[in-house]
Amino acid sequence: MSVDFLIKKAKEIKIVIDNNAPEIEKLDQEIGDGDHIFNVQRGIKLVIELEPIIKDLPMSEALNQIAMKVLSGIGGSSGALFGTLFMTMGKSSDIDVGVDYKKAINMFAYGVEAVKQRGKADVGEKTMMDVLIPVANCLKQGIENNKDLKDLMREAIETAEKGMLSTKNLLATKGRASYLGDRSKGHIDPGARSSQLMIKTVCESILNN
Amino acid sequence: MSVDFLIKKAKEIKIVIDNNAPEIEKLDQEIGDGDHIFNVQRGIKLVIELEPIIKDLPMSEALNQIAMKVLSGIGGSSGALFGTLFMTMGKSSDIDVGVDYKKAINMFAYGVEAVKQRGKADVGEKTMMDVLIPVANCLKQGIENNKDLKDLMREAIETAEKGMLSTKNLLATKGRASYLGDRSKGHIDPGARSSQLMIKTVCESILNN
Amino acid sequence: MKKFINSADDFLKESLQGFGAAHKDIVTCYYNPNFIIRSKYAKKGKVALITGGGSGHEPMHGGFVGYGMLDAACPGFVFSSPSPDQMIAAIEKVDCGSGVLFIVKNYSGDIMNFQMAAEMMTGPSETVLTNDDVAVENSSFTTGRRGVAATIIVEKIVGSLAESGGSLVECKNLGNKVNKNSGSMGVAFSSCIVPAAGKPTFELRSDEMEFGVGIHGEPGRRRDKIKSAKEITNELLNAILEDLKPENKDDILLFVNGMGGTPISELYLIYDNARKMLDNKKIKIARSLVGNYCTSLEMQGASITITKLDQELVNHWDTPVHTAGMRWGM
Amino acid sequence: MKKFINSADDFLKESLQGFGAAHKDIVTCYYNPNFIIRSKYAKKGKVALITGGGSGHEPMHGGFVGYGMLDAACPGFVFSSPSPDQMIAAIEKVDCGSGVLFIVKNYSGDIMNFQMAAEMMTGPSETVLTNDDVAVENSSFTTGRRGVAATIIVEKIVGSLAESGGSLVECKNLGNKVNKNSGSMGVAFSSCIVPAAGKPTFELRSDEMEFGVGIHGEPGRRRDKIKSAKEITNELLNAILEDLKPENKDDILLFVNGMGGTPISELYLIYDNARKMLDNKKIKIARSLVGNYCTSLEMQGASITITKLDQELVNHWDTPVHTAGMRWGM
């Protein structure tokens, strides 16, 4: 995984998110404050704009710059959460000497763990963690068991989708949606949906490679 | 004219004004601030409620009490104008020894003159003066020329109606409607309409006596 | 009608009672007739400043009763002039023998009622008539221009002079000077709803605004499509400056006023647009005021007022004031 | 969308610039990252009070930066938490070595961003988390209750202690005490419109209200038919009192807050209804605050906050404060 890869994926994600913008907007309007899509779109735009600045940087520094941009440019919950993800990924050891799939997956899992610490939310609380944690677990297990990469990508896509759909009937206990009590049920969590779409985009592009 | 007569007329006027309330409300909404009907209704109600207090008072005192009630209970332009009318009528000389039609008409004309001073508006400025001044003039001339009372009442009703209708195409130069400039044209003045209805009610009841 | 209200008839009384109770350290409210005076009597020998007008413009005027500003305010029914008995009752409480200055917005009803009060009272009185609304074409044959937000500037500055011992005539002259130095114009995005009427005073389409609107929702210069804040601010400013014709060297007070339903974040945005335009014209903003001061119930909209300042006016503007709606220096 | 606005993207910046320019005697605004600090530096040795949160609640929080209250405020985008770089930049300007107290409303986004700032900064910091909104059922397993208007009471009272030399821990403890002593609940008659969204956050029918609404237009306890001011006030008060359980002898601060689109005449009416109900319950109102302090853009609505007071809190409430949004004693 290279900085160039990160930027390419950001561009692909932008298209997917833009295509699904009305749906994501509606989800955060239903159980949040309606800004999640704007936050995510602003964040992706800022990351893509970083290209000329970060394209020749070592991975750790590039990720740190991305993290700072996401953190400061998005604000809100998702700024802190995605910022923490990238900041922590950038702190993984030995990433400036090259990142293979195994290392990339460990970075991601390390990042997700930090996001979990940051938000104090676990699986089942109707947040993006219902996507991130299962996907991180699935990837880690798969790579440790030397699963075929393409099979693993397919599995990750399925896991993300399952996690995202699972939020629908959950009662929110973290984030803004928790203020709704029982009325949070019946709606998919917007952060779970946007995370799932991003994961799907990245995994599919590896699949089609 | 007795205090009893005044109260009876107030009660009759109440019915007529209530029947025409939606129209008067609309007129003040179109070229004023929409409160004229409420002001007039509040004023009439207060006058009628004065009955037990004023019914045995001399005419001058009764009119003064009516004036104070109208003044304080209505507020706005019409409070000051109708208040001035009654206050001045009450100041006419020799009214406590009995008021015949001639004296009543002189009282009214005297009152209208004071209203004109108060509001600084003359005929043609699209206010209630377009009704009050012509009616006062018609009554005064008629009684001086010893016109038949019933004929005079018919003439007053016609004069009031003509004055009221004349306001429609006038440009307002006094009162709230004047802020509208040319856009005041095409609407009957609410104060002219309410005054005309009151005059009509009183004159008709004398006619049908 | 969506209002915090129990009945249209009780609206004014309950609102006044709440105001009086919440600010009992500053004001005392009286009822039947309604008037508001300072809870601490002003010093002997001071000219008494009394104002009034229809309710629905809060904090104007009750919110400006207190040290350094008004001695009494007489609130009429919503958008209806107060009646002379209110002024007479207030005068009885606050006149300490040095005369009464009435500050009256130029509306027929207000003028006539204050005039009657002046005729009924025994002591000397003078009147300052405010007519700062440049939306209305001026003409000596008509009622003339409306008095709007600059009335508050008059009240603050004359209040300061009266507090410092100015005579009745001096106060009147200063009030007239501030009024002459001031121009205002407003725009509405929505109508207000008078409680007794229960429905909007006027209807605006979802893309329309009323340009030059009055503080009772009276129609303005024209109805127009909604424009950007810059375009609106520019047009309001130009109308005012055309009227006031400030010279390059003139300092001004820039007052961005909310109509009641517009958040102050938008008022500050207007202020920002206005100050840049004034800067381009080399007009210096010496003092500023931003907020909901002269409102029209829940109307969405704003007005801009500019007052040309000289040292005398600046000095009086800066003196301490302690009212519910405006407070500094104490 | 009827707003005084040039573009959704520029809304915050232009509004902040206007705010900074209009109050340059009190605050200085910085941009990219955005933060607001006092124009006059606080004295050496003072604990720095820093707060922040989404914009759209003006005057909260920028309007409470100044002597006797906050040292800095970090405004996020409309209804979005600020980011840690804003806090870090503000800390650099206002931390004078005695530590930083963050006052944070209990929202996931705010908490996480302030937490990251606390981790990134070098000096000592503490956090007071406000969660006064009794509309949300409390539970230790969830995010818990929202922080709303009582945050301002915390800012005033802790601001006074910090000004008089209170230590970081003392300030934190006092802040927690005020928060624990406070309860709030609100009701909305209309939705606000977030500039970036361009349409109402939620829809209410012409006879509906949202009971227990959040300050971002989050749904409340239930949607209900509009009721009289007395019924609404009664229900808000009861919900708060049930939570706070004041004793007969307790003095309270009664704070009637407007959401931005409701005129203060209606807020005073609510105040009047509330004080009579409290009087019946023999609860004494020792201090009062009525106005638009913690708003939700142009939302029509109001909230009631009650804070149980003791002598310590009253003393700190009464000390001089000099901010754009709250000023007395100086």
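When the chains are written out, they are named A, B, C and D in that same order, and each has its own residue count from 1.
Simple rule for what comes next: a contact is a pair of C-beta atoms (placed from the backbone, for glycine too) under 8 Å apart; a residue touches a chain by one contact, two chains touch by 3 or more.
Because the structure is predicted, anything quoted here is derived from the model rather than measured.
Distance between Cα centroids is largest for the pairing of chain A with B. Centre-to-centre separation between chain A and chain B, using Cα means, comes to 77 Å.
Here the spacing of chain B and chain C, counted between their Cα centres, is 32 Å. Inter-chain spacing, taken between the CA centroids of chain B and chain D, is 55 Å. In terms of which chains touch, the assembly is arranged as an unbranched chain of neighbours.
Chain pairs that touch one another, listed by label: A-D, B-C, C-D.
Taken together, the chain C residues at the contact with chain B in this complex read 33, 54, 76-86, 107-109, 112-113, 115-116, 136-137, 139, 141-143, 146, 194, 196-197, 201-202, 214, 216-219.
Of all the residues in chain A, the ones that touch chain D in their complex are 25, 29, 33-35, 38-39, 68, 71-81, 83-84, 118-119, 172-176, 178-181, 183. By the touch criterion given at the top, residues 2-6, 11, 14-19, 21-23, 55-56, 58-59, 189-190, 206, 209, 226, 228-230, 232-233, 256, 260-273, 275, 288, 290, 292, 295, 297-298, 300, 302, 327-330 of chain C touch chain D in their complex.
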